[in-house]
Each structure stands twice: as structure tokens, then as C-alpha cells.
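Order of writing sets the labels: A, B, C and D. Residues in every chain begin at 1.
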Amino acid sequence: MELSKEQCREIIARRIAKEFSEGDVITLGIGLPTEVANYIPHDIHVIFQSENGMLGVGHRDLAAPENPKVTNAGGLPVTTKPGAVFFDTAMSFTIIRGGHVDATVLGALQVDQHGNLANWMIPGAFVPGMGGAMDLVVGAKKVIIAMEHTNKGKPRIVKNCTIPLTAEAEVDMIVTERCVLERTEQGLLLKEINPMFSLDDILRSTDADLIIPQELQQLAG
Amino acid sequence: MELSKEQCREIIARRIAKEFSEGDVITLGIGLPTEVANYIPHDIHVIFQSENGMLGVGHRDLAAPENPKVTNAGGLPVTTKPGAVFFDTAMSFTIIRGGHVDATVLGALQVDQHGNLANWMIPGAFVPGMGGAMDLVVGAKKVIIAMEHTNKGKPRIVKNCTIPLTAEAEVDMIVTERCVLERTEQGLLLKEINPMFSLDDILRSTDADLIIPQELQQLAG
Amino acid sequence: MKKLISVSEAGKLITPNASVMIGGFLRCGSPYRVIEEIIKNKTGGLTLIANDTSFEEYDRGKLIANKLVKKAIVTHIGTNPETGRQLNAGEIEVELVPMGTLVERIRCGGAGLGGFLTPTGKGTLVEEGKQVIESNGRKYLLEKPLRADFAIIYATKADKFGNAFLDGTTRNFNTVMATAADTVILEPEEISDTPLDPAQITIPGIFVDYIVMQEK
Amino acid sequence: MKKLISVSEAGKLITPNASVMIGGFLRCGSPYRVIEEIIKNKTGGLTLIANDTSFEEYDRGKLIANKLVKKAIVTHIGTNPETGRQLNAGEIEVELVPMGTLVERIRCGGAGLGGFLTPTGKGTLVEEGKQVIESNGRKYLLEKPLRADFAIIYATKADKFGNAFLDGTTRNFNTVMATAADTVILEPEEISDTPLDPAQITIPGIFVDYIVMQEK
């Protein structure tokens, strides 16, 4: 079963978009996590937080001036939703680290069965910097990892992370194009599976120990 | 030589008012220190900070409503001067503790020759609380003590404080109705003397060791 | 949209023996309507966290006068003689905290930090029982974060998202307290039908759980 | 009244080998006029403290491109490939700090605190060389305050008292940096002849030493 990168991303973003409740405060990482915003059901009103200093982030603002005064954490101009608030980065991380963010969605290089996350550096490669990721992962009430299941066939969901961590034991949920995993006290629970893949496909492409329930749910999308 | 309480307070307040330079940020304690504001020379513009959350405190606002929105730290309604700013108490103490206040004027129960200050509690007596005094004394660039020289004849300027401290070694200057003392590396220097008192008067009413310069200046007022 | 509730509903939220942060600096920026309900309900055994115990006949000062406070964590009790009387009589416990330390401990609790190092109180009674840590050659006290079950917050004006504007010196402790309690109740003087200007908001609405409706 | 100076005078204030905080988050809320002067004066050996190294061709990113930065203390260098190139070539030192920790370290420096305990970075490379302190059963890193010789601060609008209003998301690091440097230079887009509204000021003027005049 071959899915294009775009198809993988859409499956992942669509699934994560179903995780939120009315009024949730959500911070999305850059890249794939940002796409989650496109699939939030219209009857659910969530509040997007941007780590530079804003609540109530709207859409990309295509009419913005060259050097806009309202941008997201990627530096791109955005619109404000009704109820939006501007503040400084100190307040932004009071919100983030203080547990006032209901969920964050971030990408990953590796996640392990203990909930450890590695998403900021590969030894020997260029390291751009952790930005706000370490604070987000520690502070958000729920940490959702959005990533393709493997790195060109190499498992990313492992027993123990082998590259430097972003945070210890903070991941709550992993969503890939193949399945949804939830971290429980007993370990990683396989919650949902994309029917395009067999259980065997999942197990072969995963290095972590998984808890397989009697009845597997179909990946929601 | 007998001075009334009012005369003492005026001498002290007038003298301290001469200590400031254009643009200085000043926080005054309640009581006698507040009176310093009345004697600032008209050609010097200083900025009064109020610990509840304001810069640019003006005069007592006699036209204020019953429950005013602009008050000083004593809860009294005040006017704002041009350039005034409102903020919360966290920012107020960022300003105070961060060294952004040029001078604070506070009362005292005891001050000793090491610059230790005691002005918040007498063991066995009712203790109202330290309020912002401990932060002010630690944070302000210059700490000026405004107090009557003795407590009904009992020295307040002592070798070592005998009641609980407000802060260690933070006092820079003491102004009483009798003299001005400056804390130097060598000890307390008698800078100015009120000509209504003799050097002997000062020495007899002071328990601390004083450094007496060759020529004594007259207390400015 | 936040839950708009009546002042009577707000009063019922507060449970006996709860810890309650109440904004205000003496009478300025002090909520008082929910407090009247707490008094009506005789909800006692409270731990009050505030700048001061105000005055006997006003706002949170009345909680003291009505003997509903078991412990007060404050910077000053001088304006409310009843606090002093109950303290002398052993009827109330009072923890006095330097003002800059109190406001920072609350901010710390709201910001997910584990504590901070302050020079304030070094060499005084405030040092008792606290860890002294040296940093860059200077000694500091390690002060711990402070949180509460409830916070009752004043606002001059709020919108229905819970965003609040606080005028003049009414901000005082209200801003940090809004971040540091499990349940935050906003008591605005005025509720706006239209959203407040995003650049002129003192307290972001996401901190607020309930907005107390205006009086009829 | 604050000292109003020309951008050329402002540029001359910055001394070689100084530490300089510069506000801005990527291009948003980033001062750039004083930076052009620093480049003109070839003032080098600087320690840059900022959220990021921006882009090669913009604001503080140009300081990197012009090889005037000896060390950068930032959260991210990914948008300026020249920072990465100089890092690989051993021409620049880069200290990467988690964003919440960086902004809090600067606030700490400005607020006279000796450090703070944060859970961020625990169990990661960020922990290296830092004291781990347990507080209420959880482990935290002790992070130290950060100050600089100079801060260059953006403002949307300022008055002659140095009071500044910063619109939208331009506040970012500007607010805390204004409190944490020995000399603070404000670079406003607009200077108002009348004082700003006291309730709508983002940065109190007392933190500001110099205001850079508007371009003619």
C-alpha cells in the first residue's frame, strides 16, 4: 500500500482535527501540524495559540502588508478571530508552561513507548534550534504527535529513543497515516488502524511494544 | 531644643526633597515619606512610582468617586501626571526589585551602622505586615530613611539592630530633624547637622559609631 | 464563549475550606459581589490569598469580619483591625509575605514554574525554613509557587470571550491571580456585546472559567 | 523627557564586543534602523541575544551576514542559513535556549531575581551543567537570569516620555528586553507629541534611555 506524502498528511491532519472539544486552546507546531487547522469541524470553535504572542489566530492573511504586525510563529501574516488577544512572549509561555493550553500538535523524529519525544536534533546534522517545542511538550495538557509512520521505511516509533530528547514521558497520543496510538500506564495502546493497512503492516513498521486490543477500531477520518 | 512633630517632619521632608535629580524614579513609603513629595523643587521633574501599579503619581485627587480606579499604595485616590503608566503589581515589583527605582524613602524603627534596617515589626506588638518594604529596600538604587532622630529620647540609630530586620545592609542615607548621615565603607558619616542642635546633642542621642568630618555642613532645608 | 452565570450561581461554586485568591489592593480593583454571596451562604474555613485583608466593612475584609477565613496569606493586615483581633485570639492564621514575593509566587504558580530566587527577605525572618541558594555570587531565597482552588477577579470591562480590560490601578493582583487558580471567576463592572480590541486586553479570556452577569 | 537621538547617534552608542538584546520574532516587531548603523560602523564581536537570527537580508539577520556577531543566544537559527554556515565553519558560537526559558531568563534579569525553576529541558541536553532542584515532588532545572549591555527595542508608537505601544504580535521579546539591559534604545515607528493613554502602554518609559528620532 503506497500513499503519497500529501495523502499521508491529509489522513493525519483530518484524524487529529477530531480530537478537540468546544473552546479548546490549541498550539500547532509548524509543518504538518499546521494543516490540522484546515479540518476542524465547523461546529467546534477552538482557539489557536501562537507562541510568539497571540490567541485567536485566524487564517493566512493574504492582504497583509510587506512587514505585517500580526504574524504566527512561522512569521507569516495571519488574521485574527473574534475574541483574539495579543501579548508578549513571556505571557505566551505563562500560558504554555502553565498548563493553559489544552493540546499541542507537533511533529517528531522519534517517539518511544515511554512517551519520550525526540524532535529537535539529529547528532551530526544541522540543528536549527528547539524554538518553543520543549516548553510546549512539557506544558500542554495533551501532547499529540503528528508524523508519517516511518522515515523512508525506518521505524520512528521505538522502544527507546536513540537521539536527543525534546522531553521525557510527555507524549499522550501518536497519529500516523497507519494508526492511532495512545500512551497508557501499561504502554502504547493501538487504538485505531487505517483499514488500508493490516495489523501486520503496523507491527512490522513499528519498533515499540504495542498493546493490541481485542477489537481494533477503524482510523477515524 | 524642642521641635514639634510637625516641625520635625517638615525639616526631614524638605531635606530629602533636595536629594533628587531630573527624571528620577522615586517610591515613597506611607506616612512621613509621602510628605517629601510636597517639597520637590519646581524645576526638577521626578516620577513617583506607586507599588500597587503606577508611575507618574500626581496629587491627592479630591474629586475622585467613592471607589476610585486610580489610587496610591495607601488606597487614596490620586491624579496622574503627563506620561503616567498603569500596570499590575508583578510589573511594579519588576521595576522595584529590578533596580529601576532610583530612590526610595521609608520610615524606620531602627537603623544600624551596618546599614541594616528594621521597620516592620516589634516583637510582642501587633505586626501589620511588611507590604512592599522588603522588596523596596533590596531593589531601590538608593535607600533613604526618613525618621525622627529618637523614639521619645531613645536612640533609633544604633550599633546593631535589636529588632527583626527588614533588610541587611541596604540603607544608604538617614535623614532626621537633627542631621543627615551617609553610609560609607568606613561606617556612618555625619554629613550635615541642623544648627539648632550641637554635635554633642547628636552624639548623645545616637548609639551608633559616627564618623565626624573636620568641617560639618549645615543641614540643607 | 464563556459561561455567563448569576452572582448567586457564582457564590455557590465556592466550597467550604477552599483556597481562594481575591484580587484588589485595599478597595481598588476589588471584586465584591461574589463575596456577598459567600457571606450569605456562610461558606467558611477559607484560605484567603490576597494583597491585604482590606477593611472590615468592604469586599474581602467582610469575609474576615464574618469569620469565614481560617488562614490569610497576605502582605498586610493593618487596615482591618478585625484580622488583628482574630489573630490575637488565635482564631485565624496569618502568613505575611513580602509584596513582590507574593505576587511573584502567584505568577510562578500560573506560569508552570517550580519557584524563583529572590534577594527579598534575605537575612530576615522571611528566610526561616527556606532554602538559600547562591547564584552569581549573591545569596537568594528560594520561594515556591502559589496556586488556589478559586480566583475571584475584578474587571472594568469584559467581553463574552472572558477577555478583560482593567483600568487605572485596578490591575494589581488580578492579572496574576487569573492564571493561578483551578477555577477563575471574573466579576466585571460591564460586559461588552462586542469583542474587546485584541491589543488592549489586560487578562486573556482563556484563563477565565465563569463571567458573573451584571446586576439588573 | 527622554533623550531623543538620531539613528546615527544611536548606532554610535553600541560598542564593539558588547552584548546586545534585539527584539523581534523573525521579522515581526524587529527594529532595523539602528542595526543598519551598526553595520555601517562595522561594530563587531557582538553577543546577540534574540529569539532567532531572522533572515540573512533583514534586521538582526544582517548582523550575522556581516560577521559582526561572535556569539548568538537564541532559540532558533533555521531561517538564516548564514548562521548555520558560520557555525559549521567555527566562526560563530551559538547557544540554543528553549523559547520559554529564554524569555523568562531575560525577564528574571530585568526583575532582579536570581533565577527560576523550570520543568522545560529536564532530561534533555539542555539540562547539562545545570543544577536540578526538587520542589513539591517534581524536578526542575535552575535557570539563571540574562542581562545585556544594550537592548534595541521596536515600538509601534512612543511618546516623549519613552512610553511605548506595540501593536499586534510585535510585542514578543521587546517587552522583557526593555527591562534587562544597561542601556535601552527605543526605535519607534511613530513618535507622538502627546502622552500615550496610561492604560494602553506596553512598555513603561522609565526603562528607556534613548528614543531614536523618526526618519525625515
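Things worth noting here:
Operating definition for what follows: a contact is a pair of C-beta atoms (placed from the backbone, for glycine too) under 8 Å apart; a residue touches a chain by one contact, two chains touch by 3 or more.
Because the structure is a prediction, the values reported are computed rather than measured.
Looking at the partners of chain B and chain C together, the chains they share are D.
Looking at A-C alongside A-D, one finds more C-beta pairs in contact between the chains of A-D. Here the CA centre of chain C is 32 Å from the CA centre of chain D. Remark: chain A and chain B have CA centroids separated by 56 Å (rounded to whole angstrom). Chain C has its Cα centroid 35 Å from the Cα centroid of chain A. Centroids built from CA atoms put chain D at 29 Å from chain A. Multi-chain contact residues of chain C, defined as those touching 2 or more other chains: 104, 107, 111-113, 118-119, 167-168, 198-199.
In chain B, 54, 86-87, 93, 96-97, 138-139 are the positions where the chain touches two or more neighbouring chains simultaneously. Taken as a contact graph, with one node per protein chain and an edge wherever two chains touch, the assembly fits none of the named shapes, being neither a line, a ring, a star nor a complete graph.
Checking each pair of chains for touch leaves A-C, A-D, B-C, B-D, C-D.
On the chain C side of its complex with chain B, the touching residues are 25-29, 51-52, 74-79, 84, 88, 96, 98-101, 103-104, 107, 118-126, 156, 167-176, 202.
Looking at the complex, you find that chain A touches chain D at residues 50-54, 67-71, 73-75, 86-90, 92-93, 96-97, 121, 126-135, 138-139, 164-168. Residues 104, 108, 111-119, 133, 135-136, 138, 140, 142, 144-145, 165, 167-168, 198-200 of chain C touch chain D in their complex.
Residue ranges of chain A in contact with chain C, taken from their complex: 23, 25, 47, 49, 54-56, 80, 82-87, 91, 93-100, 138-139.
Considering their complex, residues 1, 107, 110-113, 159-161, 163, 179-180, 195, 198-199, 201, 204-207 of chain D touch chain B.
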